Amino acid sequence: MIIGLLLTLCVFSYWLHDNALFRLAIHIFIGATAAYVTAILWFNVIWPQVLHPIWSGNLKNTLLALVPLILSILLIFKVFPRLSAAGSPALAYMVGVGAAVAIGGAIIGTIVPQTLTAINSFDLQAAQTSGESSWITTINQGIILIGTLTSLVYFHFSARQKFNQPPARAGWIEDIARIGKIFIAITLGALLAGVFMAATAALVERLNFLSQFVQSLISG
Amino acid sequence: MDSITCLTCGHLNPPDNHKCEICGSPIETQDSPIDATKSGSQSPNPPEDLSSPHIPGEIHGVGGLLGKASLTPAQQAHTRLLKELIAGEGTTPTPPGQPKMRANNLLRIGVGSVIILLILISLLVELPFFSPPELSSETLAARQLIYSLPPGAPVLVAFDYQPAYIGEMSRASQGILAHLMAQQAYLTLISTQPTGPALAELLIAEIGRYTGSVYQAPEQYQNLGYLPGGASGLLIFSEKPHQMTPVTADGEPAWENSEVNQINHISDFSLVLVITDDPETGRTWIEQIGPKLGDKPLVFVSSAQAAPILQPYYASQPQQLQGLISGVAGGMAYQESALFFLNNNQAGVPWSTYSLALWAGAAIMILGVIVAFICRMNEEDSEPRSGGMKP
Amino acid sequence: MRRRPFSVFLLVIAIASGLVVLLGYWINLPALATLRDLFVRWAAILAGMAVLVGILNLLYVHWLKVSQPKPGGAYSLALLIAFVLTFLVAIVDTPTGSWSLWIFRYVQLPVEASLLALLAITLLVAVFRMLHRRFDWFSLVFIGTAILILVGSTYLPEVNMPVLQSLRTWLLQVPTVAGARGILLGIGIGVVATGVRILTGSDRPYEG
Amino acid sequence: MNLSAWLSAEILGLGFLLTFALLFYIFYYWKHRASYQKELEELRRIDAFTRLRKTIGQAIENGRGLQISIGSGGLNGIRGAAGLVSLSMLLVITQKSCKGDQSPQVTSGDGALASLAQDTLHKAYRLAAVESNSKASQNQVTGITPFSYAAGAMLTILDQPLQANLLAGNFGSEAGLLAEAGERSSQLVIAGSDGLPAQSVMLATADDALIGEELFAGGAYLSAEPSHEASVKAQDILRWIIILIILAGVILKLAGAL
């Protein structure tokens, strides 16, 4: 408990000024975290998923289990500058699969559903049946639609170079983008409030920890 | 030489400056490297002009706002200190070598001391000033789902948040987890972050302290530990849970208990509860797991910073999220509404102090707007700037 | 520029593995599905191993700082000691054992939570600086929304503020949803572009 | 009635992907053929990139380095994409700055990303025909979880006399601490992320922030590579296609066809 208190104070001291205690706390923290993660990796990945399968089960499973083992070893080569090149195949494999999963996730997971939701959420029947007065719902749906489209337009990159002027997009695109920017600002503002709330919770929790410790000292 | 106008705040800087004295943003002259250590001379128009006029404005602003948050004299003293410090941003004589660093440090220390003292005082006084939050529809939906669980129902609980958020997330999730335990659900804990397993164990133990009955592994729950590979890992886990997580966090064989040994697909769980601080993680779960759950509900406990992104999934047609508890407020509302009592009101994040801190934060932000506005008024003569990220 | 055979080999690995996984999303052949699952599972395991590689890199860099005396070598030593101690405890006691949890609770949690707590102060100061940097309507909408939502998130019994709270709810359920959807779609498109550049071999980060 | 029932998501998704790939190839060959010189003028101005390009030059002039934090996202899923973008930006920046012996300092929170960053640095040296002088400490993993990574990166930012910090990749709200550390040591901070909380925090704390998709256009804004140019053009068109689909869908819905 006392250690937690000291570390908390060390980190808080950074708020006043960057100092040695803060750096010490940070380094201990990084080391401890890395060690804990290593242990987790051993118990949850390296032993059960890479090593153990080798001598369990039939030949087919063993052969299949050899592949991740070999790839893992190749990956570890990356740590040593001289052997680094040997690790590249494993890395290339990870990049390939990673890119594919990213594309799949982005299209199946984000682009298509968000597009369909944008269309389906504009639903007059639902507006009529909904409890609140239908025109408010319809207006809100309209705002959401406009916001989605305009904030999409905001990202448009291509621009035309006018004679000795900075490149600019066509006027009408600029106008739409300006509307989109309002929605983006509101969204990011809402998120900023969220982040601040999360951080404030941490601040309150830490200070509560401190004050309770002090109180326990006073009460003995 | 002419003085250079800062494109960002419009402040007139001496020609040898490379970072603006007022806003600190680099002055974009083609040949001038951005090197704050070079800029240090006084601004052409005396900084007092920047600071003095806005004191009344602030008294109005702060009095009006912090007033709502019931200022003690001590706190008022500190807001006054804060005002002086912000005034200081313009007025502090800046020795060459560190132009506005000192002003920034003072501002940081001022703001920090105000909010920290405010929190400490309200922690010591413990005045129940703010009434508990109301139960939102998505939180209510989550509660109904938990009530409908039969005893021994297998429930998957994902602890996917950074340890830093423990204050908020434990306050947000204690209610629903205690409720799950009261319903005697069999919990299967998992995390796609390596620090998750420890968080899970800590929270289970903590709830045990509050309710008086500690859940036991492996009779009442199993901790599958860390699931590597993010989206890829989840994809495989949802179809072959045994293959992806054969052992528990401490290396013991998993899936042995009768409640879970029949589970061969994610949809065999009665309910999936995801506790996360990050909208990306949340979306990964919704996108990878959601479609595979069939008619089984997916419930989220989310940090306040993820809620704005996750809320639409609850509102969407068809519903991709069947329940959502967001932030300290959601957790409080859940606890208040549930039929059992957790003796943790002063532990972790007390609601009243938290609300007060939020008010203080909002007040300080408003103060920032007022100060910036007044500075802007004083900069009227210099060229107006459309600012920030141009569309 | 002629490509070296080795980088061609890498290119083939990346594109082939990627295409197999990508096709698995659309073409519904049992064989392909099995292969894809296998590939994705291996990738997941490798992601775990990559974390280990990262840890080795971390230790290597700090070992260098300790071995060849540099400023801050003492900190690196502290880091290495913390690593060794924690690792021994976590391996002997298992990651969920009481000792490991003690370290986690009283070493890692306080530091992380305190860093996040500092962020609260940082954000408030940042608001001042940002408004000084650019005092335009974009910043004002940005900060104004944040303020409204903060105030609307609390409940005062004396001062009942239905207007504020309904405004907060509206902000969160209408314009925020719209903006978020636009941003998410935009990011989605960007991700597809990045992935396609990899799978067409025009980006090859893996070739040294 | 639900539109997704009427139009299978898979088909629509495949359509998106194929359209994009096709557009990408068309533009790629077009750019390749036409010996294009003024790609950069063809893109709208984004302050963050304008300033970043200036800063690279200034870093060489003052002999003060750049630090690039490429985040802790690993290589999987959407986070991975953010990391890959930051790597392509790293390649361009290193090529430009290593001639002045000011190759950037890279911090990351994941082994795979760090290894890729190492390879990228070597590649940049090779392309710039400069003798590689990269030290182990030039590309380091500063911590393995997001917060320990951020904490370690904060220290490297505070320690070195840097010209500027570029935060590009997958971050959480802890990015605010990095930006603040850069501000403390009076460095320019340019930040972009795929995570939305990070974006809001960066907008508040960084000197210049990249919003949403802008990060993914990084390569095109920094280099004249035809492939980057082509992908940005393709992104623009795909975006308009999505807009049109949404509009069409809504109109059909109003007409009651769906």
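A, B, C and D are the chain letters, set down in written order, and residue numbers restart from 1 in every chain.
As a working rule, a contact is a pair of C-beta atoms (placed from the backbone, for glycine too) under 8 Å apart; a residue touches a chain by one contact, two chains touch by 3 or more.
As the structure is a prediction and not an experimental result, all values here were calculated from the model.
**Q** By CA centroid distance, what chain is farthest from subunit D?
**A** Chain centre farthest from subunit D's centre: B.
**Q** Of all chain pairs, which one counts the most C-beta contacts?
**A** A-C
**Q** When the C-alpha atoms of subunit B and subunit C are each averaged to a single point, how far apart are the two points in Å?
**A** 15
**Q** Between subunit A and subunit B, what is the gap in Å from one C-alpha centre to the other?
**A** Whole-Å distance between the two chain centres: 13.
**Q** Can you list every residue of subunit B that touches 2 or more other chains, as numbers and ranges?
**A** Counting only residues that touch two or more other chains, subunit B contributes 24-25, 104, 108, 112, 115-116, 162-167, 194-195, 197-198, 225-226, 228-233, 235, 249-251, 277, 283-284, 304-309, 312, 317, 358, 361, 388-389, 391.
**Q** If a residue has to touch 2 or more other chains to count, which residues of subunit A qualify?
**A** Subunit A, residues with two or more chain partners: 15, 23, 26, 29-30, 33-34, 36-37, 40-41, 43-45, 49, 75, 78, 84, 88, 91, 94-95, 97-99, 101-103, 105-108, 110-111, 113, 115, 117-118, 120, 123, 145, 148-149, 152, 154-155, 169, 180-181, 184, 187-200, 202-203, 205-207.
**Q** For subunit D, write out the residues touching at least two other chains, lowest number first.
**A** Residues 2, 10, 13, 16-17, 44-45, 74-78, 81, 84, 111-112, 115-116, 118-119, 136, 142-145, 147-148, 151-152, 173-174, 176, 183-184, 194, 196-197, 199, 201, 203-204, 207, 211-213, 217, 232, 235, 239, 242 of subunit D each touch two or more of the other chains.
**Q** If we count contacts the way the header does, which residues on subunit A are in touch with subunit C in the complex?
**A** Interface residues on subunit A, with respect to subunit C: 1, 3-5, 7-8, 11-12, 14-15, 23-46, 49-50, 64, 67-68, 71-72, 75-76, 78-79, 84-85, 88-108, 110-111, 114-115, 117-118, 140, 143-152, 154-155, 180-190, 192-200, 202-203, 205-207, 209.
**Q** Note which residues of subunit C are touching subunit B in the complex, please.
**A** 37, 40-41, 43-48, 51, 94-97, 100-101, 104-105, 108-109, 112-113, 115-116, 120-122, 124-125, 127-129, 131-136, 138-140, 143-144, 146-147, 150-151, 153-157, 159, 172-173, 176-177, 180-181, 184
**Q** Hey, which residues of subunit D end up touching subunit C in the complex?
**A** 10, 13-14, 16-17, 20-21, 24-25, 28, 74-76, 78, 81, 84-85, 87-88, 91, 108-116, 118-120, 122-123, 136-137, 140-144, 147-148, 150-152, 159, 173-174, 176-177, 179-180, 183, 194, 196, 199, 201, 203-205, 207, 211-213, 215-217, 219, 225, 227-228, 231-232, 234-235, 238-239, 242
**Q** Going by the contact rule set out above, which residues of subunit B touch subunit C in the complex?
**A** Those in contact with subunit C are residues 8-9, 22-25, 68, 86, 89, 104, 107-108, 111-112, 115-116, 129-134, 162-167, 194-195, 197-198, 201-202, 223, 225-226, 228-230, 232-233, 235-236, 239-240, 243-244, 249-251, 304, 307-309, 311-312, 315, 329, 355, 358-359, 361-362, 364-366, 368-369, 371-373, 375-376, 385-389.
**Q** In the complex, go through subunit C and note every residue touching subunit D.
**A** Residue positions touching the partner: 25-26, 43-44, 46-47, 49-58, 60-61, 64-65, 72, 111-112, 115-116, 118-119, 122-123, 125-127, 129-130, 133, 142, 180, 182-187, 189-198, 200, 202-203, 205-208.
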